[in-house]
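Notes to accompany the following structure.
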Amino acid sequence: MKKVDLTTQLAGVKLKNPVITASGTFGFGEEYARFYDPSLLGAITVKGITPLPRLGNPVPRLAETPSGMLNSVGLENPGLEAFLKSYLPKLEKLKTAVIVNISGFSLDDYALMASSLPEDSCIAALEVNISCPNIKQGGMAFGTDPRRAEEVLKVTRKHTRLPLIAKLSPNVTDIVEMAKAVASGGADIISMINTLLGMRIDIKTKKPILANTMGGLSGPAILPVAVRMVYQVYKAVDLPIIGMGGISSWQDAVEFMLAGASAVSIGTANFVNPMAPLEIISGLEEYCRREGYHSIKEIVGLAHKL
Amino acid sequence: MKKVDLTTQLAGVKLKNPVITASGTFGFGEEYARFYDPSLLGAITVKGITPLPRLGNPVPRLAETPSGMLNSVGLENPGLEAFLKSYLPKLEKLKTAVIVNISGFSLDDYALMASSLPEDSCIAALEVNISCPNIKQGGMAFGTDPRRAEEVLKVTRKHTRLPLIAKLSPNVTDIVEMAKAVASGGADIISMINTLLGMRIDIKTKKPILANTMGGLSGPAILPVAVRMVYQVYKAVDLPIIGMGGISSWQDAVEFMLAGASAVSIGTANFVNPMAPLEIISGLEEYCRREGYHSIKEIVGLAHKL
Amino acid sequence: MIREETVLQNQLLDPEARIYKLVLKGKVAETARPGQFVHLKVSPTLDPLLRRPISIAGINRQRGEITLYYRVAGRGTELLAGVREKQTLNLIGPLGNGFTMPSGGELLLLAGGIGIFPLFSLLEALDRTKVKLKLLWGAENRRFLQAVGLKTLEQMGVDYEVSTLDGSMGRQGLITALLESYLQERNYTIGTQSLKFPGDPWTKKDWDPTGEERSPLRAVACGPQGMLKAVTAICLQKGVPIEVSLEERMACGVGACLGCVCTVRGADGALARKRVCQDGPVFDGREVVWDEEG
Amino acid sequence: MIREETVLQNQLLDPEARIYKLVLKGKVAETARPGQFVHLKVSPTLDPLLRRPISIAGINRQRGEITLYYRVAGRGTELLAGVREKQTLNLIGPLGNGFTMPSGGELLLLAGGIGIFPLFSLLEALDRTKVKLKLLWGAENRRFLQAVGLKTLEQMGVDYEVSTLDGSMGRQGLITALLESYLQERNYTIGTQSLKFPGDPWTKKDWDPTGEERSPLRAVACGPQGMLKAVTAICLQKGVPIEVSLEERMACGVGACLGCVCTVRGADGALARKRVCQDGPVFDGREVVWDEEG
């Protein structure tokens, strides 16, 4: 039996396979090392970093929803300095491609982070998060206005030679317009989708469950919205796509790739089944073999072609 | 034990209880009569009507998703004339308030339907559907552009004295902006949400499952998005709200009412549990009794107050 | 109509094709007719959300039992396979129109693969002292046929012929070949002209052998869509009236969602939609428009 | 860490409070420590999606068994209640840090309602020839206490006092009153000053009775947040070191999602977050900031 070529090329970024773990769901790469060696992954994406440390929002930060969950973590993170000093050296040892997710409250924030993150480390790319629904200024506001999204990308682009991934918010009327904006801002890759804005109310206390009232909806529930958006953007914009949103099985991953994703990212599924990313890697390989493809690249965007 | 007052007043519309069945999920009121007497409901909403009969989209029109489903029925309906001649007389006999959902491809379409639907029949209100994701012109396009949404409401308003319900699409960046637009266009009531645009791909055939490629996502999966939007609109706009999107239990219905809905509409849940609307009516009553409310109206919007 | 029925048996018949036999005790048996189906809830949770339609393959009114056969096709039927005896299953049914039951003449049953299942209930219910029966069954291979129903057919003493794709039993090839030679052998002086719709409006008479009957032979078919289309074309061309049992993805199962429609040509010649769940699943072969453009 | 364990018992203890005892056989028992928890998958489908954290209340290393007690609180525990013997349950565990195990002195256990459960495993594991034990338990009423654990406590020969809200057993009122009189009666010359954080940095010594010990008495508490806050305040004010087992809504259970944090005051006096699942669930009472503004 011939081996299937799982290597994936995203703009300049080479991955050993197309399976990535999503920002905010995989800590800083160590938490899941008790289950398997993270170097088996195509890449890992770390929790969103901001220039200064953040405590994030108060608890409760989580609420379950049908086939999904809400979170309002609010970008709790150690800040840029501590990331560089304490986390990056440990990430270096994981021997896997690292994507650093950066979030800001102003254009300067993005500029600062882009210029501070080293270009010659395990960092394979920066994921520019313009879509976090859990913070008040900045965050999603950048991700729902095409002009501001373009600006964020332009500024970030100026301050680093690392490949830039623009992470899109699904909370928009026209995802294609947003994708075109970040493309013209200089994004090399598009990742999508971040969480949908949602909320739940506790019928006993009659208050919102989340201390922050609203939160980001993730998990299988949002999969059909994510597949649709990947499909639309693949058709309209000529950049590689990292697809995510509710992927919990290799079948889901295949669906995203057929829709046009060159790689996939696994988020909420890690919480339910820590082995999901590895099961997805072998499921993708097996699917290609069974269907007679020699390389995983052959299935990208097939749903547009047949 | 004192009886709880379930009567509900929506603008001019009086309902015996706040539980309505959603357009497109309850046929023309007869289909579920084998399970219970539809006059027990607060109101029923009929399938979206257009001026001319429509065959709708080809099959497959349905795809299941985690805790949800996609449909691309595409407004199959008998047309205005047949509705008036064959369906309205039968609806009259159901002895329940009827909401007629009207869809159009142009402003003239809405004007025609508004002027043709009788003001002195079982029709309690018209629901102006500006949010159907399954048709190419019109439909959702009206529902994602605030100016056009306002225009549709204005034109419809001119041609009928029936109360107007504006049905909002969730596929927008800013739901509050849309709600304000339909309010200023003359809507008496807001109903929300229609379906989220989604798609699925068959990994065996590598083609979209729905013949129409994309479809509308409904069911429990979308509940947190719907609750969030009802909450936002209640805060910003002073019109009564009919809340819907994924309601399958009385607990869900309470959540919508606490968020700000004066009534709730049950859609996809009918398919899974035909008795859901009745179970929700008695659950709401029991909840009020247990929590010490004399009238269901007291719980509307409580999540904003405590 | 919404019922909790008790599982008496849930048995794997064919490990390769993953086909199960499910026997349920409850009220559906009281009113069920051959060709109808039940709409099953396969999980008590919100996922998978929708019910699953399964044909009623056996009806034992005395014992209050129905028999279903199902193939594990995806997540829903996978969960169904895990259901154990004595558990209950929530279902809606019986639903749909069912087959027309002839009281005489000859009935030709055409089954493709697991399309045999709904035909079992028809076989069971027919008065075979009055109606002559012939069954043609096309499938993958011998193993499938044996696991799924040959024994049942033999016990019932049904006159049948089979075809298999790999030639491991009966004639090699498709059921269409079997059907064509059967009609040729019998050299029916059946329909003198081909049947079509409109211009050949459907009348109950076609199915009433005591009336002035054009064709003593009628057919009923169940199987994959391609097979139904092909056998319908052959039958109508030879003037043999045919009923087909269609499948379509369903949500409500009761005619409310318009999810499961098929396209038909109405008496006025115009295209129209019918709901497989409520107006079917059994349709007159003449009215079905197989390709929407047609 | 991800395991399929076999259900040996899933028994309803108290029909009114809906409390169940669940005994599982598998590998968790090999390494589990008192105060840790397991993260259970309650449905094979995608809904409910998340795992449920349940404390380990009993560890039998020889037999490879753990015991859990759970209250039916919502959809997830409702599904758990339906699990039958011989089925398997998918779980991750053991997770969390567990209680500090003293090797001498006196340990005061403070339980609020079902907060008794994780304390069972501590009771079981302590060397009671070396550590003096006292348990104070506050609950709703006598029925609850009897159904949930009094028998177990008596079999173990534990010295306990209870309080009930309705006065149906023990002292009427809250556990705080019980605690205050206990400390008063004993008239401890324990901490001469109240314990706080920072300025009173946490040292292992507090828990090491062989060292130069300020307090021979230490406390461990588990129960609702309000009770934990109150008993912590009392203990610290009297100079009694206390460990508390916190609860918070969890997604990952392994420290990756930052969903389950609590607020702590670091050694530098600044507020910081810790993860209940990974850095806890057991925390030093002095570091916990109960109200974020605090």
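Note that the chains are named A, B, C and D in the order they appear, and that numbering of residues resets to 1 at the start of each chain.
The rule is short, and it goes like this: contacts are C-beta pairs under 8 Å (C-beta built on N, C-alpha and C of every residue); 3 or more make two chains touch, one makes a residue touch a chain.
Bear in mind that the values here come from a model prediction, so they are computed numbers and not experimental data.
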Shared interface partners, meaning chains that touch subunit B and subunit C: A, D
Query: Quick one: subunit A and subunit C, Cα centre-to-centre, how many Å?
result: 48
Message: With centres defined as the mean C-alpha position, give me the subunit C-subunit D separation in Å.
response: 60
Query: When the C-alpha atoms of subunit A and subunit B are each averaged to a single point, how far apart are the two points in Å?
result: 34
- prompt: What parts of subunit B, by residue number, touch at least two of the other chains?
  reply: 63, 65-68, 219-220
- prompt: What positions in subunit C touch 2 or more of the other chains?
  reply: 46-48
- request: Draw the chains as points, connect those that touch, then say whether the picture is a line, ring, star, complete or other.
  value: complete
- prompt: What does subunit B use to touch subunit C in their complex?
  reply: 24-27, 31-32, 34-35, 47, 55-56, 58-69, 71, 73, 76, 219-220, 248, 268, 270-275
Message: Can you tell me which positions in subunit D touch subunit A when the two form their complex?
response: 1-2, 41, 46-51, 92, 248-263, 271-273, 278, 292
Of all residues in subunit B, those that touch subunit A in their complex: 63, 65-68, 70, 144, 171-174, 196-201, 203, 205-208, 213-214, 217, 219-225, 227-228, 231, 246, 251, 254-255, 258-259, 287, 299, 302-303, 306
Residues of subunit B defined as touching subunit D within the complex: 66-67, 220
Field: subunit C to subunit D touching residues, read off their complex
entry: 43-48, 75, 79
